[in-house]
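Two complexes, one shared chain (chain A), two partners (chain B, chain C).
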Partner chain A sequence: MMTNPVARITQGQFSHLPDLSDAEISLQIQYGLGKGYAWSVEYTDDPHPRNTYWEMFGLPMFDLRDAAGVMMEVHTCRKAFPSHYIRLMAFDSTRGVESIAMSFIVNRPENEPGFGLTRQEAHGRTIRYTVHSVRE
Partner chain B sequence: MLEAVEKSPAGVITDAKKRYSAGVLKYRQMGYWDAGYAPKDTDILCLFRITPQDGVDPIEAAAAVAGESSTATWTVVWTDRLTACDSYRAKAYRVEPVPNNPLQYFAWVAYDIILFEEGSIANMTASLIGNVFSFKPLKAARLEDIRIPAAYVKTFKGPPTGLIVERERLDKFGRPLLGATTKPKLGLSGRNYGRVVYEGLKGGLDFMKDDENINSQPFMHWRDRFLNVMDAVNKASAATGEVKGSYLNVTAATVEDMYERAEFARELGSVIIMVDLVVGWSTIQSISNWCRKHDMILHMHRAGHGTYTRQKNHGISFRVIAKWLRLAGVDHLHTGTAVGKLEGDPMTVQGYYNVCRDAYTRQDLPRGLFFDQDWADLRKVMPVASGGIHAGQMHLLLDLFGDDVVLQFGGGTIGHPAGIQAGAVANRVALELMVKARNEGRDIKHEGPHILRQGAKTCVPLQQALDTWGEISFNYASTDTSDYSVTAGVA
Partner chain C sequence: MAAPLYQIPGQQAPSPGAMPETLLASAASPSGIAAARTISEVLAHSQAGLGLDDLEGDLVGLAPVKSRIRDIAALLVIDKLRMNLGLLAHAPSLHMSFTGNPGTGKTTVALRMAEILHRLGYVRKGHLVAVTRDDLVGQYIGHTAPKTREVLKRAMGGVLFIDEAYYLYRPENERDYGQEAIEILLQVMENQRDDLVVILAGYKDRMDVFFRSNPGMNSRIAHHLDFPDYLPQELEEIARRMLHAMQYRLSVSGLAALHEYIPLRMRQPHFANARSIRNALDRARLRQANRLFAQVQRPLTRDELMTIEGEDLRASRVFA
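Then we have the complex of A and B:
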C-alpha cells in the first residue's frame, strides 16, 4: 500500500491529478506530435524507481503523426496487460536533447502494493538503504 | 611632449623608437584602442559599462580598460619589445554612450585566446576582472557580457551531469522539478531537520535543499544532518516510488573538509550535493571534477553574488557569472524568479536562463545578451527559481521559464497552514495542472488563476495555499534592467 498523500505511485507528469480521460490523453499526445516527438508505449509489473527499462510495447512510433493511432496502441496494450503499469513516453531527437521529453502513466493496477525500505546497519551510524518492490 | 610625436589617424604611435622611449603615454597611443579591429572568431569579447572620471575621454578610458586587463602597466616598458606584444594587447574597438545615461559608456574589448590558460575560470577572471576594476581613472566599471569563443569553450568540461542526464537519472520528464529549502534555515537539530525533508518529499517534491549557510554549526553537525536527511530521502522514495534527493551542502572551511563531506554524501547514496558560490572558482572546478567522477549532481547556490551583480554601474552582470559557471561545471544554478522576493527584471532573468540552457545563445538585447554565444555542445545547466514564490504563481513561472527549471517553494511549502506534506501536495498539483493545461493549448498566462481555482475544488491543500498566499506579490522596481536601445556611437 502506498502511504503518500495521493496513495499511489507518483511517477510521471500527472500522477497527482485525477486519472486523465482518453480524450485528455489524446490532447497530450497531440502536443507531443506538434513538437515533433515520437511516442512509445511501455509496460511493467515492477515500477521500482530504479527500474529504467519497462517493456516496450512495440517500437517508438517515429512515423505516426496522428494521436488516434497512438491511442490505439494504448488500448491494445491495456487489453493485453490490464493490471500492469503502462506509460506513454515521448522521444525528442533534437541534437543536444536526444532524450525523453514527456512521460506519464496511462494505466495502473487496481491495488498498488508499493515498496518497502530495507535498512542495513553499517559502520558507525551509517545505514545502507534498499528500496524493494512489494509483490502481492 | 606627447602631442609632438607622429600618430596614426586612430592615435596609435607608429614609430617604434618613439613608442618605446621611456615615459608615460596614453593607452590609446600604446595600441589598446583600434577602431578598425575586426574581432577574430577565437577572441574573447567583453562588453564593459564604464563611468570615466570627469574629464577623461571615453575612448581613452576604454583603451585603459583594455590595457589594464591585458598587458599594460602605467608606463612604457622596453621589455615589450622582446615579445610579439601587439598580439597580447587587448583591443578596445567600439565605444557607445549608454542610452539615457550621460555619464556611462559601453566599451567593447577583444582579447586574443593566447592570453588565457586552458580550462581555468580563475585565470580568465584574474585578467578580466582583476586590476582593471580598481583603476583610478574610472569611477566605476561593470562587465556586462562576454563572448567566449568555441575554441576556448572546448577546453572546459562543463556541467558534470547536465540537465538532460539529470532528468534521465531522476526519471522525471516534461515538467519543471519541484524543490523546497528546509526552514528555518538555522537552528533545527539533525533529527528535526530530517522530518521536514521527509514531509516535503513524501508530499510530492522532487528535492529538498540545505540553505547556503547550513554547514556544520553547534546545533547540527554536518554528519548528523547527512544521516538524518538520507533516511528521509529513502523513506520518501519508498513511499512514492520516485527518485528523491536533498541537496547536501558540502561548503566548509577548507577544500579538504569539502571532499570529506562529499565522500560521506556519496557513501550514503545521495544523488546530489551542493556548494555555495563563495567557495571560489578553483574550488568549484575541483568539486565539479569530483562530481563527474562519482555520478553526482552539483547544485550551485549563488550566495554572495548580489554584492557585485545587482548595481548597474559597478561589478559584473549575473549573465557573465552564469556563463562562467556553465563552463566551470555546475548542474543547478539559482538564476532568479522574476516574480518572487529577490531582485530580477523578467526579461533580464530570462537572459540568464537562456545562458544556462541554450545550445547556441543568440544576441538578444532586450534580455541583456549582447553577443552570440556558441556553447559547442557543452552540457546544459538546470536553472533554479527560488525565493518568495508560491503555488498561486505557477502559471507565471511556467510561462516565463518553461519545463527545464527547478521551482523551489521554501516558505511556500513549509508555511502551509495544514503542514509540510499539504504544502508539497499543493505545489505538485498546481504544477501538474498547469503543465497539463498548457499542453492542451490553453493560455495559461491569462487563464492560470482560473485553472488553479478549478483544480483546487478537488484538492483541499491547493485551496488552502491559494487562500493563504493567492494575493501575495513582490512588485518593486528592478535595479538591474537592460540598457539596450543602442544609439549612435562616439566612435
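Then we have the complex of A and C:
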C-alpha cells in the first residue's frame, strides 16, 4: 500500500482529491446532465475493487434537467446509509456507447477500515493471497 | 484504523449541509445581472421586459392575470436590485395557484411564467413539467412517495404544474394516498424554494375547498391568480389567431357564422372557453376538407385551400 498509505478507497473519478463539497458535486452533475447522461445513486459496504455492482438506491434518473433533483436523491441516500460508500454514476445512452461515463464517490464511512490480506497455504509451499474488505 | 501521520486531503472539508452559496448563485444567474443598478439594466440582462410584452400581445383578455404577473415580475426585479446593493432580499415564495374554468389559458400562462422566472434567474432551467394526480399518487402502500419524488426530481430547476390539483385530496377516503403526496410536496415546497416553483391549477370552487382542507398548502402559496372567462369578442379574437397560426382564414360569411356561433356555443353545456373554440375550428377544418374533397377534377387554388366558409361552421350541431 505504498501509493495509498491512508487506506482511503480510491475508485472512480476525483478519489485522489479531497472530498467534493455538495456545490462541487452539483456542478459535476450539471455537467453530466448537459451531456445527456442519466444519473443514478448506488451504495455498498463492500468497496472491494472486484465488487463492480453496488446496490442501487432507487432507479436511474432519466429526463432530469437540474442537478437539484439528483442531489435530493443523494441526500436521501446519505440519510439512509450514513456509514456506507455511496457513489454517483452517469449512464451515457448514446448508441454504441451505452455504458457508464462518469462515476465518483460522494459519501464515505466515518472511518474507512480498508482491506485485509488473507494467506492460504496451498499445495507444496505455495501461498495464496486474498484481499477482502474489512467490516467493523 | 490508526490515524494517519499526516493530514488527509479533504478531512477538513465542510460538512455536507453547508453549501457555499456563491458557487451556486453564480452558476444559476446570468453574469452581469449582479452589477445592474437600474431596472432597465436588470431587464436588459434578463430580457424579462421582452417576455412581459410578449405576454401582453400574445394572450387575449386575461387583464387581471396579466396585471398580477406584472406585479410579481416587478417585485422580482426590485428584489434583484436590492440584492445587488446588499440589501436584504428574502428568497420570495413563488408558488402559485391558478384557478379558473377550463380553457381559460392556465397552462399557457404557466408556460410563460416559467419563461419569465427563468429570465429573471429565479428558476435555473425554466422548463415546465405538467402533471395530474395519476403522476403523483400511487396505487398501493409505498408506491406514492417514490412516484412523487420522481416527478419532483424531473421538475427541479423549473416549474411543476399540477393540473386539477384538488383531486390530490379525497376527503371521502381517509386512507387515500393523495395525502402522502401532498405532504411530500409541502416539504419540498418549503425546503427547496430555490430549486422549484409549484403551480397548482383547477376550478375555482373546488380549489377553494382544497385549500380550506389543506391550510398548510394555502399558507405556502403566495400568489392566487384567478382566470376570468373570456368574453365573446375575446373568443373571436382567439379564433382568428388560432386560424392564422394554422394558416387558414375565414371568409366574410365565415366571420359572420363565427360571430353567431360563439354566443350559441357559450350557452351549451360543457363550454370550455378557448378549448371549445379550438375544437369547433378543428371540426370546421374537417368539413372544409370534406367540401373540397368532393370536387375531384377541378384544380384547387391556394385561396380555396386556406378559406373556411360560413357553411363549414354552420353545419355545426350548435345551429341545429
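Some observations on this one:
Everything below uses one rule, namely that the second predicted complex is superposed on the first by the 119 of 136 C-alpha atoms of A that agree within 3 Å, B and C clash if a C-alpha of one lies under 4 Å from a C-alpha of the other, contacts with A are read in each partner's own complex, and residues count from 1 in each chain.
The definition used in the following text is that a contact is a pair of C-beta atoms (placed from the backbone, for glycine too) under 8 Å apart; a residue touches a chain by one contact, two chains touch by 3 or more.
All values derive from a computational prediction rather than experimental measurement.
Because the two structures share chain A, they can be overlaid on it, and in that overlay chain B and chain C fit beside each other without clashing. The angle formed at chain A by the C-alpha centres of chain B and chain C is 100 degrees to the nearest 10. Between chain B and chain C, more residues of chain A are touched by B. In the overlay built on the shared chain, the residue A:Pro113 is in contact with chain C alone; chain B does not reach it.
Of the two partner chains, chain B and chain C are each touched by A:Leu27.
In the superposition on chain A, A:Glu42 contacts neither chain B nor chain C. Once chain A of one complex is fitted onto chain A of the other, the partner contacts of A:Gly58 are limited to chain C, with no touch recorded for chain B.
Of the two partner chains placed by superposition, chain B and chain C are both touched by A:Pro18.
Applying the stated contact rule after C-alpha superposition, one finds that A:Ala90 touches chain B and leaves chain C untouched.
Of the two partner chains, chain C is the only one that A:Ala68 touches; chain B does not reach it. For the pair chain B and chain C, the minimum alpha-carbon spacing after aligning on chain A is 7 Å. Counting contacts by the rule stated earlier, residues 5-6, 17-18, 24, 27, 114 of chain A appear in both its interface with chain B and its interface with chain C. Per the touch definition, chain C reaches chain A in the complex via residues 1, 4, 8-11, 13-14, 16-17, 19-20, 23-24, 27, 124-125, 127, 146, 149-150, 152-158, 188, 192, 195-196. For chain A in complex with chain C, the touching residues are 5-8, 17-19, 21-24, 26-27, 30, 58-59, 61, 63-70, 72-73, 75-76, 78, 111-114. Note for the complex: chain B touches chain A at residues 164, 167-168, 171, 173-175, 202-204, 223, 227, 230-231, 234-235, 237-243, 267-269, 359, 377, 380, 421-422, 425, 428-429, 432-433, 435-436, 439-441, 455, 458, 461. Looking at the complex, you find that chain A touches chain B at residues 2-6, 9-11, 13-18, 20, 24, 27-28, 31, 47-50, 52, 89-90, 95-104, 114-117, 125-129, 131.
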